[in-house]
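Both of the next two complexes hold chain A, though its partner changes from chain B to chain C.
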Partner chain A sequence: MSSHDLSNAAGPGLAARAANSAPARALTRVWLFVVLFVVWWFWSAGSKSLYFPPLSSILKALWNQWVTGPARAELASSLEHLLVGYVIAGLVGIGIGALLWSLRYLRDATSPYLYFLYVLPAPVLVPAAMTLFGIGFTMKVVLIAFAAVWPTLLNTLDGMRGVDQVKLDTSQVLGMSPLGSVFRVVLPAAAPQIVAGLRNSLQVAIILMVVSEWVASTDGIGYYIVTAQQGFDYVGMWSGIIVLAIIGTVANLLFVLAENRALHWHYGARAVEGTRP
Partner chain B sequence: MLGRYALTYGLRLAVLAAALGLWQGLSAAGVIRGDEFPSMSQTATALWDQASGSSLWNAVGETLEGWALGLVIGVAAALLLGTLIGMNGFAYRSVIGVIEFFKAIPVIAILPIGLVLWGATLTMKFALVAFAVFWPLVIQVCYGVRSLDPVARDTTTVLGVRGPRKFLTVTLPSAAPFIATGLRVAAAVALIVDIIAELIGGGSGLGERILVAENAGPSVYPIMYAYIVVAGILGVLLAGAFSVAERYVLHWHESQRSAKAQGQDRGYSERKGLTLVVS
Partner chain C sequence: MKGNNEVRPDNEVRLEVTATDTGPAGMPVVSLRNVRKVYGGAAGSKVALQDITFEVARGEFACVVGPSGAGKTTLLRTLAGLAQPTSGEALFEGTPLRSVPPGIGVVFQDYGRSLYPWLTVARNVDLPLRVRGVPRTERAQRVAEVLASVGLADVGRSYPWQLSGGMQQRVAIARSLAYRPDLLLMDEPFASVDAQTRFELEDLILRVRQEFGVTVVFVTHDIDEAVYLADRVVAISKSPGVVTEIVDITLARPRDQIATKADPAFAHYREHLLGLVMNR
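Up next is the complex of A and B:
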């Protein structure tokens, strides 16, 4: 709270300047995290509540179970499902999206059904996937891939449809082959939207990863959490929750880094035009 | 023009008929085993049976109840806090990282806490929905409130418009498109989370019926697929309702006006609807 008082006391001009310097900006972004952590630590320190164990014991369980202990196997198996399912979803989504873009009639004919599958709340498919594929590796990967494919697919299709016709005509005049123009004109132009789709797909994939492990599994983070919860091991449950939170945040962070690398030319161009968000 | 529409819709019906026919054919030929995946006619019969009784409608009602309560609470909290945060630069910069962090947490991580606190109840369902809806929407509201056009901002200052009047006549209208996009995404997220809370948490509604049908064995699988279809239809209807409402409420805004001007080109309006759902 002290930095708040300081910036107020220093007056608006100085505060604005201070807020623009890099360390001050970092400090502004971080202090609330620190405050929340400290509040949680001391509020839960003497906690006798079964449901809200002290943060210190949660962190201890986090270290003993997930970093050095047996739960590492659950983490590895979850991440494996997630990675395989997500990669399949991304490749299939971009591939079929591009295919549908090139086949206009097929696209028009199937668009309502693709939309239906996109809007369908994917977790309802978990029981159906269990009856079809059992409760093993295949079921989870199929489920994650099937649920996560739609945002990428529809965004790919959509981004490609938005490509400027002039660019397509130009590439034709310049004698590019149709496939060459797909890779050198259409894909780059649609890239920002494809990336938006991939980001959505990632969130869906993480949710489906946990849901599938929760309902039917013998391994994975979801399985660990549900076992802990049903066994009244609330410290273990909280440690699993924190692991999930970390996975969500790290996945998001990695995605943003990759996106900035892959699309830096796009943001650069937008910044020149003065429309950078 | 009319010919093209007729062709498109004809093709769509043909695709539907072909898919359903293929499904039925594969079941009849024994390629799909009946104890794993029911035939199309069995599923359609089950859907009809369920729809003529009260069981299906009760499940839909229970799902909608959790969805609506959670959505209202989450949206109200996000509008209030998002506006307050967005109006102060320091508060915005301090809080935005924390919001991004909570937004990145998969909601399902919070589910066990909801379960130990409230059990498989309506409260658990709408609390989870409200939590899930709040974080993405509060970001949209902050962006919206901060996106005020500099010219409009300076004009309001010069004209001495301030306080609630400034908020109602300048800030809110300029934030409205951001909020509308956030709301439409929130409605979809709310349905998914609600169904997860039923499927995993056991709160009553569509998700719970689907799991119960799965546990009851192959003879009840047609009912399971019937409920899955209903969940999809519910998703389409809710998403559609929010799109229509947005067009109606924001008809004055540029984004909607340009959509209208180009409304002749169906491709564009479809694309736009989709983009906004996804963005």
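Up next is the complex of A and C:
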């Protein structure tokens, strides 16, 4: 199927570079952040604009609302949706991807529809999801899971299909049952691609977390941002946006840490390959 | 040069097996009878093996030589039970091969593809034992033993990709010997290492097959290697794959890279087989 060109948008190279970042390299990255922060701080310091409030007041709101204040509930609720939806997407994506890999007829039969669903922009499903599941927890989790499942599913299928025949022959020679070889050989061999899919799924899940809270919701960060904007509370709006950026960054950081731990063999082997003549 | 003239009595049970001699005592470890293998459908079919018949006796070291395209890899996959013959029979210890039996070990040419890069050397070697449910303490002991046998006692904690090509192929050999198979199949195992390493690995395999008492079928395109290693060389010809001749190699053992290859008999075997393979 045509997943190959779709699925590998974020290759594992990104994480490999992140893994190599020594403290020196970390410093190279930090300086720009410091510069931007300082520029923003002083540029906006005397701002009387309603739409672009001073950074100092945004950070104050960030502290008062999100760290010590009532917006903590919104944060918790959003993170809960994200976590549940993403975990479901990951498990279902790997599970169905593996199933389709092992059942060729099912794969051939479903492949056009998978592609159809994959290209469908998930936010347009919000109205349908509301109709089916109301506006509560279930709707959001279903929407996040549905949108985020595709990168993992397609990458799992693709990664498993790409497993070297010699590795599979070897698994038979070593005496593994077909199911045993899935867990001991196929999954680890496809892991680099599955993980790349999981990373894309995470980005999609964060987007859908916010989108699902915009349209019809009574809680969550998205809900908070929209409400603040509609109530001319632009300081609150900006603080919500910054919180989202922080969530995205931290989630990605945690992901890269986990990835480097799980796939250290992969990056090690690739680095060795690179140095061999 | 004198050393190779003193013919050592062979400890191994070597039987000149004919097609009819399949009694319990002399049962060959593996036998192919009129094996034919055709790939593809009726329209675009390709005959990989036309008609292959030979047997390998217990303890024997048999080499299969042939030019590339003679179906050597297909032959080995059939011997392993990884591929089924289109017609004819492939028997391992008297039983038709339908899948890979537990008593067969295989060393593939490309160690980089057959070793699992996510496992350390020790865990790669341990894997077949784990699959077979060998108790943990025994496993650790056997892994250490077999790694020591191939000269890799100290690298258990490394990953295969951290080792040189020759060392990786030693790991693959150790892994296939760890579960003490009756038959070891090797598919051009030393084709991707340099000449020096190749000689070392050839001597290594001659030593460990004694140590583990394993029957070996070794596929190669290198005639020198085949003559140096084998008790018998099975020459197969290029498309369609048929056995052109089976040559008994009576060079003295233990063999020696310098002395054995300087033996006039070695040159004679070499010349004869080269003629067969080059179809002259």
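Throughout what follows, the second predicted complex is superposed on the first by the 247 of 277 C-alpha atoms of A that agree within 3 Å, B and C clash if a C-alpha of one lies under 4 Å from a C-alpha of the other, contacts with A are read in each partner's own complex, and residues count from 1 in each chain.
By definition in this document, a contact is a pair of C-beta atoms (placed from the backbone, for glycine too) under 8 Å apart; a residue touches a chain by one contact, two chains touch by 3 or more.
No experiment lies behind these values; they were computed from the predicted model shown.
Chemist: Would you mind checking whether chain B and chain C clash or fit side by side on chain A after the superposition?
Modeler: fit
Chemist: If we overlay the two complexes on their shared chain A, which of chain B and chain C does A:Val185 touch? Say first, second, both or neither.
Modeler: A:Val185: touches chain C, not chain B.
Chemist: Output check: A:Asp169 vs chain B and chain C. Expected answer is one of first, second, both, neither. What do you get?
Modeler: A:Asp169 contacts chain C only, not chain B.
Chemist: Tell me which partner touches more residues of chain A in the superposed arrangement, chain B or chain C.
Modeler: The larger set of chain A residues in touch belongs to B.
Chemist: With both complexes superposed on chain A, which partner does A:Leu103 reach: first (chain B), second (chain C), both or neither?
Modeler: neither
Chemist: Could you tell me if A:Trp265 is touching chain B, chain C, both of them or neither one (first, second, both, neither)?
Modeler: second
Chemist: Between chain B (first) and chain C (second), which does A:Asn252 come into contact with in this model arrangement: first, second, both, or neither?
Modeler: A:Asn252 contacts chain B only, not chain C.
Chemist: Name the contact category of A:Pro123: first (chain B only), second (chain C only), both, or neither.
Modeler: The answer is first: A:Pro123 touches chain B but not chain C.
Chemist: Determine the nearest approach in Å between the Cα atoms of chain B and those of chain C after overlaying the two structures.
Modeler: Chain B and chain C, overlaid via chain A, are at closest 9 Å apart by C-alpha.
Chemist: Would you tell me the residues on chain A in contact with chain B in one complex that are also in contact with chain C in the other?
Modeler: none
Chemist: Using the touch definition from the top, list the residues of chain A that touch chain C in their complex.
Modeler: It comes out as residues 164, 166-167, 169-170, 172-176, 180, 184-185, 188-189, 191, 265-266, 268-269, 272-273.
Chemist: Note which residues of chain B are touching chain A in the complex, please.
Modeler: 8, 11-12, 14-16, 19, 36-37, 89-90, 93-98, 100-101, 104-110, 112-113, 115-117, 188, 191-192, 195-196, 199-200, 206-207, 210-211, 213-214, 218, 221, 224-225, 227-228, 231-232, 235-236, 239, 267, 270-271, 274-275, 278-279
Chemist: Quick one: in the complex, what on chain C touches chain A?
Modeler: 77, 80, 82, 99-100, 102, 104-106, 108, 110, 113-114, 116-118, 127-128, 131-132, 159, 161-162, 175-176, 179
Chemist: Where on chain A is chain B touching in the complex?
Modeler: 4, 7, 15, 19, 25, 28-33, 36, 51, 105, 108-113, 115-117, 119-128, 130-132, 151, 154-155, 158, 161-162, 193, 196-197, 200, 203, 206-207, 210-211, 214-215, 222, 225-226, 229, 234, 237, 240-241, 244-245, 247-249, 251-252
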